[in-house]
Each structure stands twice: as structure tokens, then as C-alpha cells.
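By letter and in written order, the chains are A, B, C, D, E, F, G and H; residue numbering begins at 1 in each of them.
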Amino acid sequence: MIKKVDDFARLDVFREFRSGKPEAIFAQNKTPEQLVKIVEAFLGCKDSVLITRLNDEQIKALKSNFKDVHVNEIGKVAVVGKRAKELNEGGIECVGKIAIFTAGTSDIPVAEEAYTTARFLGLEVLKFYDVGIACLYRLLEPLKKVKEEDVDVIIAIAGMEGALPSVLAGLVDVPIIAVPTSIGYGVNLDGLTPLFSMLLSCPSGVAVVNIDNGFGASVFAYLIVKRRKA
Amino acid sequence: MIKKVDDFARLDVFREFRSGKPEAIFAQNKTPEQLVKIVEAFLGCKDSVLITRLNDEQIKALKSNFKDVHVNEIGKVAVVGKRAKELNEGGIECVGKIAIFTAGTSDIPVAEEAYTTARFLGLEVLKFYDVGIACLYRLLEPLKKVKEEDVDVIIAIAGMEGALPSVLAGLVDVPIIAVPTSIGYGVNLDGLTPLFSMLLSCPSGVAVVNIDNGFGASVFAYLIVKRRKA
Amino acid sequence: MIKKVDDFARLDVFREFRSGKPEAIFAQNKTPEQLVKIVEAFLGCKDSVLITRLNDEQIKALKSNFKDVHVNEIGKVAVVGKRAKELNEGGIECVGKIAIFTAGTSDIPVAEEAYTTARFLGLEVLKFYDVGIACLYRLLEPLKKVKEEDVDVIIAIAGMEGALPSVLAGLVDVPIIAVPTSIGYGVNLDGLTPLFSMLLSCPSGVAVVNIDNGFGASVFAYLIVKRRKA
Amino acid sequence: MIKKVDDFARLDVFREFRSGKPEAIFAQNKTPEQLVKIVEAFLGCKDSVLITRLNDEQIKALKSNFKDVHVNEIGKVAVVGKRAKELNEGGIECVGKIAIFTAGTSDIPVAEEAYTTARFLGLEVLKFYDVGIACLYRLLEPLKKVKEEDVDVIIAIAGMEGALPSVLAGLVDVPIIAVPTSIGYGVNLDGLTPLFSMLLSCPSGVAVVNIDNGFGASVFAYLIVKRRKA
Amino acid sequence: MIKKVDDFARLDVFREFRSGKPEAIFAQNKTPEQLVKIVEAFLGCKDSVLITRLNDEQIKALKSNFKDVHVNEIGKVAVVGKRAKELNEGGIECVGKIAIFTAGTSDIPVAEEAYTTARFLGLEVLKFYDVGIACLYRLLEPLKKVKEEDVDVIIAIAGMEGALPSVLAGLVDVPIIAVPTSIGYGVNLDGLTPLFSMLLSCPSGVAVVNIDNGFGASVFAYLIVKRRKA
Amino acid sequence: MIKKVDDFARLDVFREFRSGKPEAIFAQNKTPEQLVKIVEAFLGCKDSVLITRLNDEQIKALKSNFKDVHVNEIGKVAVVGKRAKELNEGGIECVGKIAIFTAGTSDIPVAEEAYTTARFLGLEVLKFYDVGIACLYRLLEPLKKVKEEDVDVIIAIAGMEGALPSVLAGLVDVPIIAVPTSIGYGVNLDGLTPLFSMLLSCPSGVAVVNIDNGFGASVFAYLIVKRRKA
Amino acid sequence: MIKKVDDFARLDVFREFRSGKPEAIFAQNKTPEQLVKIVEAFLGCKDSVLITRLNDEQIKALKSNFKDVHVNEIGKVAVVGKRAKELNEGGIECVGKIAIFTAGTSDIPVAEEAYTTARFLGLEVLKFYDVGIACLYRLLEPLKKVKEEDVDVIIAIAGMEGALPSVLAGLVDVPIIAVPTSIGYGVNLDGLTPLFSMLLSCPSGVAVVNIDNGFGASVFAYLIVKRRKA
Amino acid sequence: MIKKVDDFARLDVFREFRSGKPEAIFAQNKTPEQLVKIVEAFLGCKDSVLITRLNDEQIKALKSNFKDVHVNEIGKVAVVGKRAKELNEGGIECVGKIAIFTAGTSDIPVAEEAYTTARFLGLEVLKFYDVGIACLYRLLEPLKKVKEEDVDVIIAIAGMEGALPSVLAGLVDVPIIAVPTSIGYGVNLDGLTPLFSMLLSCPSGVAVVNIDNGFGASVFAYLIVKRRKA
């Protein structure tokens, strides 16, 4: 069944059934009115929906139009519906455990997009922010934790030279999903430099998603975890 | 223990122990003599080793210097030692199952690098070559097989517009590791275009490794499978 | 006859006669006053004119200076003169039929520029928006329609990985004009990635126009249709 | 029916039926043996096949393995089967008429790829080579011919600054398929500069295919012509 | 003598003596206060100065601080001092004659920067704006004028595909200074595409200056003219 | 000891001890509140801290929250703590002497970031601004000074063609740290062109830091000086 | 009159008449046989012709097919016909004087292409090779000569950082035609870096031709000189 | 005194006197005969000379034309004259101590160019090859040595992701000269990716030279050391 929303969006509400992946709405370039209509259409068929790349005006519109809304202001991401309620009240049973590392504080918005996506999908998340390679000693405690808690996947987020995933991959045997960020200056080139340096990681065990794509990293992590539990 | 090989390579023979990933030798830019020495050093500490990016002269040198050698001529990859014997004699017990798709026939050398890497790591592999999106009907049979055999990971290899991983990700809920290839002409840009288009995949569930990096794709697949079995 | 407009524009009012293509005004970088003068000059020789890439201030100036104005707010495009009246009143006889597909909702402004251009040129248009490859099932109904209605040309508009034209070209035998869009993030590279991936389309039958150039796509479609009817 | 060829290529022999486009074989990166096998498989189901991007060794293999072979040495393209016989003997009835322009003599190999593809598809072709914009007077005679013969489509092939399609589009009302070529030096950038300048053509009525893609240009031209005759 | 201006600029007031070229001030990134001080310092040693890349605030500051100011609002350029008076009153004797062509109306700001620079240097200027190659007929009248008036140099300014200088160079034997402009969209790439296509001009006789550099084009033209008169 | 600041930053307060380099805070993308908290945390363990890439709001927040603040408005850099007091009162003993050259006045903000960083580190600084190669005579006096004062390191800052470091390296035997700047237009490409031309310097003795990275240049200079005094 | 040569080249033998520029043949990508035929066709209408970008085989073919041939082996350029005889015998009257500078010895092949082109056109040439900015003192003698001999135009050829034209432009008031060269390594980027740095030249009076285009530089110089003598 | 060598090279034999840097000859693109002549000219004024980027033929020519030749086959670099004798016999007194690190074995040719350059300049060198970040443990022993021996400068050479200099800079307080290498595949982009990632190094204390420029790194190191000893 393909359901039309005012002719500007075709929702395939059974997509999750088909491919096991959550449906999410990419809010960028949508008016608040369009967004609200699309969310309403979703909630006619499903109990919860995730929305990414929100601006302040869109967040306001979600809050005033829906009852159960869970917003991550830093990550510019929201959940609407049953799952929002669960997230607000803390009642989610977890299907697996991941760790999110960032190299610097500037990478945190991307990390928070990944964080709420992961929570929406039922993943438990250990956060290790601002642990980039400028000081390798900062990595010791987080890595100890990663091994103790038997984490399934690491999401490693970095801008600048993007060396964090490589360094981690040389030290642990967990699959590492690398997320380059566009924040920086000079030859950061809007994230192309960390993207390329992550793809060139000497230690194997690193795969990469699009620049700033915290959402995609968590969905990929979820697919790995889900199979483990299958 | 760090073992020196004639001052031109430092082998960390305990690396596998430390991070659970196989050690491999990247043969490009090494003379046949250097390569043989490095392989010998490895076999002093481990029973098997994988070597990638071989040229014909190097393959010849391996065959004449070692007893147990398994060579994949198309993938330019070899295994030396105990595992080579097992691969030649067919006696490997499998730790998991993956599928390797290629869009065209030109992508096969990269696929074969991935194939022998996966076999070295104990993975069972379903091969579906030349099933690109020019004819979507060619995908039906392979996808049916992927579901029946409950494959853990798909490696999708494509040059040109690189759309194969996106199309697969819209149809199945298995993690897809995308490998762009450098083979093509015009705006292929030595693989940058399929790399970028794979990173932009609309359906989530796709992560990408370096251009032509069949080896890296299989190691990443192995890490996913290994955890599942953990 | 070359007619001067205050020395800042030379109109070749017989251009349409010469090459059979409509004259259009590219509004970007023109002041509202300049624009109004140029439109007036046109209407001294022709009964209608199309204006693209309008901003809000320019649209306002057109509305207050001319009687018959037809505006497409989303596509930032307007028609002034006799044809505007016909479009407003619905009285246009059609010279042919095309279909406009978009992969996502963000591509709609470009699609609407194409739409009004096509209408200005007397083409009937079937719209299929938000039918990208993330869910191939969404394509079934539109494709059935395309075949039933015997559409002459398809305009396929996409950002992200730009795979929609390739997928369509593998399924239908109609010429496909692909329009990459600049909307996206990360390695979209302001539309270069979908542009390149469209040029690399494995299935043949795809030709490409400039990024975001909905206008050019419809003029090209019109030339194809016009010859058919010749 | 999907027919397997030694596991390295899957032919969808009904593709032409499905989408009305000719099947062609891209010979680059295939061994002569692989190529011969693939051609044989095709000829088991169809009476003719087109092969592009051939090297000398592959051409030799085709000639010694098949009876009816038509080779264009300059265009590095061949036809095998019934259509080859017709081309060799001159007995093809034409479905439409196109013109192929090149800016310089270096562009001729791409033009010849387009030429034989067009002939394979039953198109009559007017050739105008080395008529670039360095001397506009050289364009007069060809353009007169284009109008007299009522050509359906122009294929305009150019390297260097790539201005030929733009200049033509300012003078005639026929759809122009532009093909940039990689031949040149300095800022030609392997064809990217003429590609971009063709996409930026001021006069509308130009659409572009991949660099050096003479084959794709003729298939697109064929789709236009075919509809006209429909 | 090197004169210091508050430590933020070192004027070499004898530069013109040394190399025969006019001193100009590039206003971008300077505060109105800094600009006024630098102009004052100049006028302590010379009778006139040219200032380019002005914003509105800087223009206002010049007008309120100096008596003789000549401003070109479109070209964002001004002259202060004796020469400004002459320009305002029309009393300049000419040292030579150039023509400035633009392809479109969007290129006019760059043309006006070139225009006032040329006037400052004592050149007579013929302006032909909006005569791009979309309609070659628009070039006829200007070219006739160029020959009749025996123009020394042509400055040809174009964005988009940048073909104007090439076309002119195929028709006249005057040195052509090409100026690419950054105005456009899609693959204009901020002027890189017209820059490259101008450098690749098939007809010889074209040399290129930086994107949007109307000032540099006129100084180069002046050096040519000056030698002629030497 | 790793000290946490509200979970968004991990300070390794012993980093200076470990690697002899000063800790600095990169203010970009931090809220004024975050910044104040991070500075407070630093001042709990160290007596002074340097902050770069400040905006006006952040500078205001520093001034109203801390007693000893030294601000360089042009360089967008500040010092807080004991060292700020010393800088304000002029009581710093110097560990060495460097010279900072800029090619133009637009490069001064980057030079001032380098200047205050150098002062923070106890370096004496000779400033030579606006001495680019347009007039080589402007270099004579500064070079004489550089030799007389036996300067340890030169920092050479330039945008445009970035030739200043090359020219200096041909004339003096002091290590030159080149800093490309992003200020310019056309093919400056946000500083990539001067970056590349500095890396290609014919005379040896030039090493380069990131575009606009005045801070990094001074830290590198400090490391050179520090060893000299060791 | 447009004369056809075996259908692969259309010579416009009256082009020189029309635009005052010499006809030259770009030999690259032509077989020796094609080249000989094209030269023959030229010599049917004109007394001399210039041929650039020759390889050894082509040079041999020219020598064995024509009587009067003048070859520059380093510049890969030849003259055939009456002018060749004059060049071989030294009997050319000069129409003007130019100077050719190269920064290094690697730039000499490009300089020699410019040299023979200039000689073909009747220009006297002063050569100053290997006088790059690594040692500014090397420039003193050449510059003295340039002034003494009252040179009309300087052609400045450089790879690496491409600073030579900028430095010259700061010292003399002669128009400088800059030619970037592709010879170098690392970030030379096949000549793009010197191209861009030449376009960014701080001192005005520099215009640029395509990478390695010695021919184009001399034709442009000739147009300047020709007007002076007009 | 500027001494001419057959008109193809101008040696400034007093350059070392002027700027304290060694003269070196870049052999690439020179014939063996040219090279021998240039070396002879040098040895007429100086006792030793360094030659880089040699090919086998050039090395042979040096050996058969000069008595004292010291060749580094891997680094493609040679010394001729008095210093060659000292290097062959081991009798050089050292002016300082540096360390050269490489990430992999492929980086060794660049390291050896740096090594012989450093030896020529009288530096003692500690070599640590193949100690990239894939296994951080390999860095422990070298770093201990660096501290014990009180090394003045580190040269860190890496391809791939280029993270070695960043990691070192986080651990030691010695100036680090980073050299990116062009060896790799996929998104290495001929060394641009490690170049950019080195420029973006989070820890300060890193400056960069051109891709593969081992020579330049050692000259820069020498300038630092020389001042220390001054």
C-alpha cells in the first residue's frame, strides 16, 4: 500500500516490514506544515517515527502538534509517538550495546544524532566524547570500558585529520563505523579530508558512512546488532 | 614482541591476538625478494598468511619458495601456509555466510580479492556476479537465495554509477558493505563517483570501504560474523 | 532586428523564429526594475514570455506591473502575457505528453520549474514525485501509467546518489532526461555526485542537463516532442 | 530467462524486448576468450550484437571466430551476426536520419563509435568532421545540409572548450546530444572541461552524455527517432 | 621611499615610476577608516588613485572624506583625486581604444570594473553588453564597429560556458583578454568552468586573467596600448 | 589525570608536561557558556590559557567572567589568567625572537593570531605587514632587520599567489613557516592555491601549516626556539 | 573556400586572411600519413606551415616527404615550406622583439615551442632560461637586457610555484604572458597550481594561456607586436 | 657570479654563501649528458654536490664520469665530490641528530632521499621504518630512543591516512616535519589525502612539505639544527 500525502510525498508504510529498517523523515527543506502532515500520515500506520535534521521552527511545530515528542536539541533530531513516550519515561528494553566516540567537542551534534537514532532502535549507548588522538591517554579508560561491557559496534566520529577510527581499529576487534564531520577549516574541505583518511585506514575493520551522517551510522550498527540477536 | 625483518619491515606478530584481525601483507611496491623474506618471517610465528595486490612475478616467487600456496589469479591474492593447504584441499569449517554481488564483469577482480580473503577467514561465500541494475530482473534469483540461506552480510561491488548497493539496501535488511571500483571511463574518476554515490545511498544500511578494497570489505564482514557467533 | 533595452540587454526577438526555441529570461542577478523593463521589451514583440529563477521581490514586481501573470511559487518561475492568461484559465491545447519524476520531496522545486516550462510550451505533464529507489515498489504504479499514456519523454530529477534515471532506463524505452539536484549534504558536492552518476548510467537512454536545470530539461523534451508531431 | 555464461556474465537476452534498447557488449577489461564466449551466448538467442571499446587483439579474435563480422577500426567497435552482413553488403533500410559533427580531427574515434552504433540501429548518418568553432564559416555548408535533409537529431562531439554544441544550438531547432571528449592537454582535465561547458550551454536544446560515450549518444538519438516513427 | 600608514600598509608610492603601472587599492576586507587613511596617504604623493571591490559603506566614506570622487556603482569601483574630476567633467585625452564585450547581463558588474579602470588609464572604451553566443547575429554589428574603429584590444567577459572569447578569436585579429565570471549555477563552479574553457580556446589569440578580474584585464590592455603609442 | 567538564570535554591538564606544548582552546562552535566552563576548568589546574577563533559574543563572555583577560580583537584570540596580566602589563621575559611577514593587509588577522600565540609562549616578535612581492623593494628594510636581530624563525603569511615565502627563502637562511590564507577571490580557492604554491617553493627551507593557521605556525616556531635554548 | 582532405580534416586556408593569425597544425593524435596529407593540402594554398606537438615518427615522416623542413627537436615543433628555408638559412626580417624566460631547465621544451612559433611569425627572441626566483640575482642581467633592447612582450614560463611572472611583473612595465608547465611532482597537479598562482599574481600586467601552451603564448605576443607596428 | 652551462642552466654558485642552504640538482627531466655537464660546472666552484630524483641511466653516467660518487639506490639520490668520499669512508663529523619515521615499507624510498640529504648536510640520523599506527605498540621503542638520544627534529613520512605525524605530535615535544607520500590506491589521490590530513593534525607542532619531498624535509631539519648550534 502506498499512501499519498497531499501529492508531495509517497509514504511506503510497509517499508519496515519489507526490509527491517526503521522509517525516518529527513526534515531539511520541508516546511513545518509539510512536516506535520507527513508525520501525521506515518502515525496513521505506525506507532512511532524518527525525524532528523530539524530546525528550531520545525521542532516547535512538532511539539505543538503532537502529544508524545522526544527531542534532542543538540542532535536536531526528534521521535514522535509511542517510542517518544518510552524514551521520555525511560522504559526501553535494549537489544544490544554500542559505543559512540567523538574526537572533539565540535563533533558532538553528529554524535547526538547517532545517539537518539540508536535509542529509537533500542540500542544501549556508551558515550565517549572529546577523546581524539591529540592525547592518546584519554583513550585508555574508554577502551577498557568497551572491552568490559563487550560492546557490539563502535561508532567513531571525527573531523580534522580523522585519525580516531584508525587508532581505535589498531586496538580493538569490534567493527568500527566511521563518521567524518564537516566541521573544521582550511583543508578540512567540508569533511572530505577526514572522509578520505578514514577510507584509507591502515588497520582493517573500518567502514565509512556519509559526512555528518550520524543517523546512517546507527542504523548500520542496529543491523549488525539485530543479526547477532537473531 | 616486535620482530625485525632486515630493517625494512617490523612485524607485530601478536597483532591478531591483540585485535582479533588477521595479518595480511600488501604486496604492491615490494620486490619478490622482500616479499619472500617477510612471508618467511610471518611463518616463523604463525601458521598461515594472506598476501594481496600481487603481480605475476611475486606469485611466481611465492610458488617456488613455499610448499603450501593457494593462489587466486584473478583476485591477485594468495595464501601461504596451513590455511593454503586447507583451501587447496577443501577442508575448512565455516564460521558464517556472506554474499558477494558485482554489478558488472569488470568488477570481478575486486570481488575475487574479497572472496579469497573471506575464505581465508573461514567464511562461506555465495557469489552473484554481473547482476547490476541495468536489468533489475537479474536480481530476483540472487535475492531469493540471500533470504533462503540467511546470509549475514552482503558485499556489493560496483563501478559506473554505483547504484547496486542502494538498490539492494531498499530490498533486504542485511548490512551491506559497498566497494566502489576504479574501472570505467569518463566521469568514473577512478572510482570517486561510485564511492560518493554509495555514501549518498538513500536507503540506510550501507557502509563503504576504499575504492577497490575487496580485502577490507571481507575483514569487516568477518568482524560482524565473528561477533554473531561469539 | 536586435532591439536594445537601455543598453543592458540586447533582445533578439526573432530568435524563436530562427531556432524554434522559446525565449526565456533568467531573472537571477537582475534588479526588479531591470526585469520589468526587459519583460516590457519582450511583450512589445511577442505575446508571452517565461521567466525563471525569480525571487520574491521580483515576483511582486511582475504582479504589480503586468496584467496577465501566472506564477509557480515553488518553482520560482512565471509566465507573463497571453500564455499566462491561458494557463490561469486552463485553455491550452497540448502538443505532447511527458512525465516528471522526482526521487525525493527536496527535488520538487526543480520539478516545478520544469513543469511550468513544459506547460508554457504546450506539453501535458504527468507528475510522479517522491518515488526514488529507496522503495522500488513506489515505481510500479507510475511506470504502468507511463506505458498506458504512451508518454514521449521522461524527466527524472534526483539528488543524493542520483540512481533514479538509471533504474528507469532499465525498465522503459522512452528517452530519459536526467536532472541532478544540488540539494543534499556531505558528498553530494552541490549536485556533482548525482550529475556524474547519471552520466555513468549503465542502461543507455539517459542524457543529462545542468544541475537544477528544470527549464533546460523541459525545452529539450519539447524539441523531441515537436519533431514527433512534425 | 537469465542465461549464465561460465559464471562470469549473466545475459538478459530479453532485455531488448523489455525496454526496446539494443544490447551491447562493453569489451574493455575482458579477455578475448571471455569476449568470444559472451558473443556466442548472445548469438544463441539473438541474430546480431554490437561490441564497443575493442582492442586489436579482441578484434582479431572476433574475426577468426565468427563468420559475419563488421569492424570499424577507428571507432574500435564491431557488429557480429546478421546485421554485420547487412552492414557489409549495404542492405539496411533506415528508420531515421541523424547528423554527427566533430569539432576537430582528434574527436573522430568517438564519432566513429557513434556512427557504427547508429548504423547498427538502422539510422542514416550525415558526417561533418573537423567543423569546430575556430572557423565559423566551416559550419555554413553542414548547417544548410542539416536543414535540407530534415535531420532528426544532431550529435555534436568536441574536446577543448567544447563550444560546438552551444553554437549549433543557437542556430538550429533540432535536439542536440553533446559528447565531450577526453583528448586534449592542460585544463582539458580528461574531458571534464568540455563536459561542464556543454552542460552550461547558454542556448537551450542541449543534453549531454558521458565523456567519449559515442555509443550512448547514438542510442539516445535512436530512442528519439523511434518515437517519431511510432 | 616606502611610506608607512599606521603600520597596516606600506605604500610604495614610486611603484608607478618603476613599472609604469597604476597603483590601485583593493578595498575588500578593509574597514572604511583604514581605506580612508590609505587613500589619504596616496594623495599625499600622487594626484589620483583607483579603488576596486568597494562596498556601499566604503563608497559612502570616500564621498564624505574627499572632494573629487568618481564612483561606478555597478562596478563597485571609484577614482579619487584629479583624475576623478576629469572623469566627472569629461576632460580626458585618450591614449588608445578598446572594446568590452559581455556574454550576458549578469557579467556587467565585472565589465564596469574594467570600464572605469580603463577610463582611469586614459583608454576610450566601446561597450557591447549581452552579445553572447546564444544568438550569433547579435555579434555582427559590434564586430563591424570593432573593425571600423580599429580597436587595439578586446576584453571579452563571460560566465556559463565561456565561449564568447573563442568565437571572437575566430573572427578578428585583435588580442583578446578573456575574463571568466563566477556568476552562474550548477557546474559553473564559481567561474572555474568558463576559466578553463577560455584557456582551451581553439582559435589562438586569447589570454586569460583571474575570475571576475575586470581591473586586471584593463591594466593588461593598457600595457598593450601604451607600447603601441611608445 | 583526565578531568571531565560536564561530559562535553575531557581536559588533559598534564598535556603540557607530557609534550611541552601549550594547551589552547579552539572556540569555534562552542557556546559562550560552554567556553566559560572549559576555561574555568583549565584555570583550576593551570595559571593561564590561550583561546583562538573567538567571536564577539565569546569575547564579551570572557571579559565579564574572568579578571585577567588579554584580547587581540583583530586576531580573534585571547589569553586568560596570569599570562594575560603579564601581557597587559608588559612583563614577559623572552625566550627567543621571530619575525612575522604578511604579503597584504588582508592577511593581518591571521598574523595577529600568530602574534598573540607567540607572545603567550614568550617569544619576541618583529612585525612586517603588507610587504608582498608586488614591490620587492619593500622587502629590503625588513630583511636587513631580520639579519641584524638574528631572528630564529620567520612566519610568512600570504594569500593570492602565495609567493612571499619562496622569495624570502631565496634570500635568507632562517627556517620559514608558511601560512596560506583563505582571503581572496577567483582561483584562490579558499586558500588552496597559496597552500599548494608554498608547498612547491623552489628554494628549500619552507614548511607549511594549514590555511589560516596562525596559531599552529607560532607553536611550531616556539618548538624550534625552545630547542635552541635547551 | 573550404578544402577537404580525405574527409578527416577541413582546412580553412583563408583563415589567415580573415583573422590575421597563422594556421598551425596540432600533430598529436594524428598518424604520420594523416599529417603528411594535411601538410600537403596546406602547401597547395600557402607557402609555409607550422606544426606543433610532434613525435619522433612524425618528424621523420615530415623530413622524408618535404624538401624544406625546419625542426626544433626540443620543442617538438617544425616548419615546412618557404619559411622553413628562411629559418634554416637565417634570412628573416623581424617585425618585433620578445623575451622568453623560464624558471627552470624542465620548462625548456615549452619555451622552445614558443621560440620556434615566434621565429615562424617573424619575431626576434631573447632567451633567458633557468632564471627562476630561487635566486633573484639571476634576474638582474636579463632584466637589464630587456630594458636596453626595449622588448615588446615577455613570455614567462614556470612550473612549481609559478612565481616568476609575478616577480617580473613587479619589476617591469611590459605585458607578460605567463605559461604554466605541467612538469613537477606532488601538488603541481599537472600544472594547475602554477596556472592558478599565475592568475592570482598580485602585480597586474600578467595574462595566462593554457598549461604547456608555448605556441599560444607566441601567437598572442605576435598580435600585440603586430598592432604596434600597424 | 652567475656561471652559464651551455645556455641551459644558470648556476648561482654562491647561493650557499648567500642563504646557507646547500645547492642540489633535481635530476628529473634532464639527459645524462646535461646532468654530467651541470655537475662538472658545480665541481668547478664547490667541493661537493647533491643530486636527487635520479634514474638508473643517470646514476650510471655519474659513476662513469666522476671519481667520488656516493649513491643511495633506494632513495634515487647521489652525492658527488669530497663529501661523497667522506660518506663512503664514514668520516663525517655531525652537527646534530634527527630521527626519520615511516608508517610503512612503501614509504622507504622517500625516507632514503631524506636520509642521504641529511647525511650530506652532516646530520646524524636514527631510522625507524614501518612503525605506522596500525600497531601503536611498535612506536614505544622508537619513542624511548628519541627521548634518550635527545633528537632535535623528527621527520615523519606516511601515505594512506597519514596519521603518524599527528600521533607522534601528541606524544613528544620535538618539531615534526611531515612528508606525505603518493604511494597508495583509491582515495590516496596521489598523496593529497595524507597531505591534507597532516595539515589538519589536531596536536600542534607539525609542519608539512610537498608530497614525496624527502629532500626538502631534511633541508628544513638542517636549518633548525644549524640555528641550535649557532
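Here is the rule we go by: a contact is a pair of C-beta atoms (placed from the backbone, for glycine too) under 8 Å apart; a residue touches a chain by one contact, two chains touch by 3 or more.
Everything quoted here is computed from the prediction, not taken from an experiment.
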Touching subunit E and subunit H alike: which chains? F, G
Among all the other chains, which ones are in touch with both subunit B and subunit H? A
Just give me the whole-number Å value for how far the CA centre of subunit B lies from that of subunit G. 51
Report the inter-centroid distance (CA atoms only) between subunit D and subunit F in whole Å. 58
With chain centres taken as the means of their Cα atoms, state the distance from subunit F to subunit G in Å. 45
Where subunit A touches two or more other chains, by residue: 18, 104, 134-135, 170-171, 186-187, 195, 199-200, 203, 210-211, 213
Pairwise, which chains touch? A-B, A-C, A-F, A-H, B-C, B-D, B-H, C-D, C-E, D-E, D-G, E-F, E-G, F-G, F-H, G-H
In the complex, go through subunit C and note every residue touching subunit E. 2, 7-10, 12, 15, 18, 26, 28-30, 34, 53, 182, 191-192, 195, 210-213
For the subunit G and subunit H complex, residues of the former touching the latter: 104-106, 108, 127, 129-131, 134-135, 137-138, 141, 183, 185-187
With touch defined as at the start, can you tell me which subunit F residues reach subunit G in the complex? 103-104, 132-136, 160-163, 166-167, 170-171, 184, 186-189, 193-203
So in the complex, the part of subunit D that touches subunit C is made up of which residues? 18-21, 24, 152, 169-175, 177, 195, 199-200, 203-211, 213, 215-216, 219-220, 223-224, 226-228, 230
